[in-house]
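Okay, so subunit A shows up in both of these, paired with subunit B first and subunit C after.
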Partner chain A sequence: MFTCTGCALLCDDIEAIVENNRIKETRNTCRRGSARMKGAMFRLVPSIDQKPADFESSIKKAAEILRNSTSPMLFGLDNSTCEAQVKGIQLAKKINAIMDDTSSFCQGLLIEKILQKKLRTCSLDDIRNKADVLVYWGSDAQDSQPRHLSRFSYFPRGESRQRGYEEDRLAIAIDVRESNTAKICKGHFYRIPLKGDREFILALMEALSGKAPAYDTKNMLGLASILKKAEFGAIFVGIGLTYSIKNDFEILTELADMLPKFNIMPMVGHYNMRGFNEALFKETGFVNRVKFEGKAVHENKYAIIEALKNKSIDALVVVGSDPVLSLPRSVIAHLPSIPVVCIDPCQTFTSKIAAVNIPCAASGVESAGSAVRMDGKVIGLKKIIENNYLTDEDILKRLMEAV
Partner chain B sequence: MVTVMEIYQLLPKTNCKKCGESTCMAFAVSLLGRKKKVVECTPLLEENFKAQKEKLESLLLPSAGAEETGMIVHTELCTGCGNCVVACPVDVANDPHGAGMGCAPTNDKVIFKVVDGKVLASNIKECRRFGKSKVLCYACIDPCPTGAIEFV
Partner chain C sequence: MGIDIGKFLKNPEFEILITTYRDIFQVEALERDRFGEDYKKLSAVITMSKNDMQKMGFKSGDRVKLSNNYGSVVVEVKESKKNEPGGLAFMINSPWSNILISGETDGKGIPEFKHITAKISLSKEEITPVTEITFHK
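Showing the complex of A and B:
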């Protein structure tokens, strides 16, 4: 049994058939996981200024870039093992770098609230065994975490939910479009206008406190009565809700206070994003957007978007992430003018503009380690195939020695 | 999905009984249930029915790869989420501590398995739609949002 690193569910019931040191067949993985495990079509090759180079000189060049930089940034590590993340934090500390990851424009705020214990949460196993009302809010779990519904939330039979989805569970979707998750929720899909989450929460809070809300009165009272009757509920907060209420996160805390039997679960995308947030939180007390300068300083200007907009960084190390793909063009305009070091198993859009490319092993397939699932449980990753690629942990260690 | 009337309209409608059925309508029902083949209608093989025969074959083409229960898995639509694996009542009965709990199947008695991110049907004789005393079960179709499982 192996662990899939396709998404933050970290399914640990995967079988893989290996032939000629390549994965020939995967069993029990979703299509996303299968593609991840079968490996990259285009492996990254070590290069300096887009010209092939040997591995050692790539490391040396990367170290030289970091030495000459006055304000470097270490970005990514969401697709790396916990061990590599710890090494990454040590490197950032040593070179006084800014550190950020994709959670600064993803679920970072929500994970911060959960780690600060401002929001109630539970484990995915609790949800499987006990949950009777599930709310997918701004999240299309069916497409983003394909095995979420079948493995943990809606379909499986749990200890106290022996009849599973047929009688014991109720799934509700709140979204701006009829996603695949909403199609499964059928009669309990609440469509809201774009950025209408805040208004929806306010109306729901009114309905929960016994008043008749002005907004969609009939549906809202119906939803409130379902939520009130729940014995063990879970709200799966997707990026749709996080983006919509970004400036006013307290409103979700207020709603959670009115629903004492509900737990909040962040729907994390990258397989070890929560691991990075937890590691940095343990080290500094913040989940992302940190600058090490003797002590850790947390400010919004240290988010990758702000740093690139303000042109406040002069070197960028990207580990297992692809900012050129995920950020808007206006934000990445500054990127080609600074040296970028890309550490990744496969070619990405970022590797195409990087000054130095250093290939690493794909974690969970070519290297072992551990990762943190979306609910905070640590899951072990096993090595499936053998090859000579160094892990990102080893590369960061070498980089630290060379700087 | 193709209907009996669509098939019937393309048959010679002479009730010649050469196929062994009493009427062309009965033959259409047998064609739809994959009990008879198009070539068993001998008048349809004649030159003047050529266009109708081709149309009929193209209509019946999607059901050609169907299992005995009529199940077709459209692998190009399947995302491998495994909803059908866990929702199938036969899988739950045969593997309560594996597929029934949402985990990987622990034995070979299950109907659905996910291989390479696509669902594969096996043990089709266990399916509730199999055999004479079949039940019109929708347990694997309902939880599939992409419509990857179809019965013809």
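Showing the complex of A and C:
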């Protein structure tokens, strides 16, 4: 059995059929996991200034870029093993770099609260064994973490939930659209206006405290009644909710305080984003947006979005991420004017504009290691295919030696 | 929605509110080949309710231009298969939606990826090639 790196569920029941040293077929994976394990069509090749180069020259050039930089940033590592993340932090410390990752504009706010123990949480195994009320809030797990409902939450039998979804479990969706997850939550889909989450939470809190909320009174009292009766509940917080309440995130803590039987689960996309957050938190007390300068300093200006907008970085090392694809175009405009070093198994939009490209092994397929599941459990990754690609951990180590 | 003025223009323009979401088929295409036609075909799309499509005179398969202060992009419009009440359109998160996202964050580092306002109108232009959005040649 192998572990899938398609998302932060890290499904560890995967079978792979290998032919000619490539994964020909996978079993038990979702569509995303299967595509990821089979690998992208276009492999990254070492290059300097978009011209093919040998591997050693690429490392040397990347080190030169970092030596000449007065304000470098190391970004990514959410699709890297825990071991590579530790190495990345060491490199950032050595060169006094700014360090940030995708969580900075994704689930970082939520994971930080969980690591600070300001929100109650539990394991996915607890949910499978005990949960009776499941709330998908701003989260379309069916499309983003497709095996969430079947492996852990709604469909499986659990120790105290022998009759699964038919009798023992109730799933609720709160969303701005009727997502594929909302479709499964028949009769318990609450459609809210865009950015209506705060108002919905306030009304729900009123209903939970026995008052009749002005907002959607009947539905809100019904929902409060279901939540109050729960024996073991879970709120799966998607980025839909996180984005919507980002300026008043405490409101989620206030709601959680009124629901003592509920646990908060961050719905994480990248397979080891939580691992990155945990590693940096352990090292610095912060989950992202850190500058190392003897000590670690945390400020919003060290978020990749702000650093690019303010043009405050003069070199960027990207590991296993594609900011040119994922960031607003208005923000990435600064990127082509600074040297970018891209470390990735495959070609990306970022690699197409990078000054230096360094290919690495695809973790969980071509290299082993460990990763942190969305609930904080450490899961082992195995190597399935043998080849000569260095891991991103090895490349970061080489860079550290060379700078 | 500017309908009255729009009647007198060749391609009337409408204000539209858009949110973004994730789609398993699109992310599968992304993992396989982010430069390929499948990824483009699944990404460069805006989905709207039947009501909104009728109001604006669009039919599935039409090309539309979306524009705001941050950029403009040509995508295909499709009618939602779901029972959407209207007033909100949907794009899968991709470079084609990212072109319309404001970089304004109040210094807090999180753009409004799921809250886009734009103008929409029928277009005869081709779907915007990804290379125009992502700088690569």
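Keep in mind that, in the parts below, the second predicted complex is superposed on the first by the 403 of 403 C-alpha atoms of A that agree within 3 Å, B and C clash if a C-alpha of one lies under 4 Å from a C-alpha of the other, contacts with A are read in each partner's own complex, and residues count from 1 in each chain.
Keep in mind that, in the parts below, a residue touches a chain if its C-beta (ideal position, glycine included) is under 8 Å from a C-beta of that chain, and two chains touch if they have at least 3 such contacts.
From a predicted model like this one, the values you see are computed outputs, not experimental measurements.
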Q) Sharing subunit A, do subunit B and subunit C clash or fit in the superposition? A) fit
Q) For the combined three-chain view, what is the angle at the C-alpha centre of subunit A formed with the C-alpha centres of subunit B and subunit C, to the nearest 10°? A) 70
Q) For A:G158, is the partner it touches subunit B (first), subunit C (second), both, or none of the two (neither)? A) first
Q: Would you check which partner chain A:L110 touches, where first means subunit B only, second means subunit C only, and both and neither mean what they say?
A: neither
Q: For A:A303, select first, second, both or neither according to whether it touches subunit B, subunit C, the two together, or no partner.
A: second
Q) Once the shared chain is lined up, is A:R32 touching subunit B (first), subunit C (second), both, or neither of them? A) both
Q: Compare subunit B and subunit C by how many residues of subunit A each one touches, and report the one with more.
A: C
Q: Return first, second, both or neither, reflecting whether A:A16 touches subunit B, subunit C, both chains, or no partner chain.
A: neither
Q) A:C342 contacts which: subunit B (first), subunit C (second), both, neither? A) neither
Q. Taking the superposition as given, does A:A371 touch the first partner, subunit B, the second, subunit C, both, or neither?
A. neither
Q. Which partner does A:P146 reach: the first (subunit B), the second (subunit C), both, or neither?
A. both
Q: State the minimum pairwise Cα distance, in Å, between subunit B and subunit C in the overlaid complexes.
A: 7
Q) Residues on subunit A in contact with subunit B in one complex and with subunit C in the other? A) 30-32, 34-35, 142-143, 146
Q | subunit C - residues contacting subunit A, complex | A | 17, 19, 21-25, 27-29, 31-36, 70-71, 82-85, 88, 90, 93-95, 98-99, 101-103, 105-115, 130, 133-137
Q. For subunit B, which residues count as touching subunit A in their complex?
A. 78-83, 85-87, 92, 96, 100-105, 113-118, 143, 145-146
Q: Using the touch definition up top, name the residues of subunit A that touch subunit B in the complex.
A: 1, 13-15, 25-35, 128, 142-143, 146-147, 149-152, 155-158, 164-165, 180-181, 183-184
Q: State the interface residues of subunit A toward subunit C in the complex, per the touch definition above.
A: 6, 30-32, 34-36, 38, 40-42, 104-105, 109, 140, 142-144, 146, 176-179, 191, 194-195, 239-240, 243-244, 246-247, 269, 289, 300-301, 303-306, 309, 322, 324-332, 335-336, 347-349, 352-353
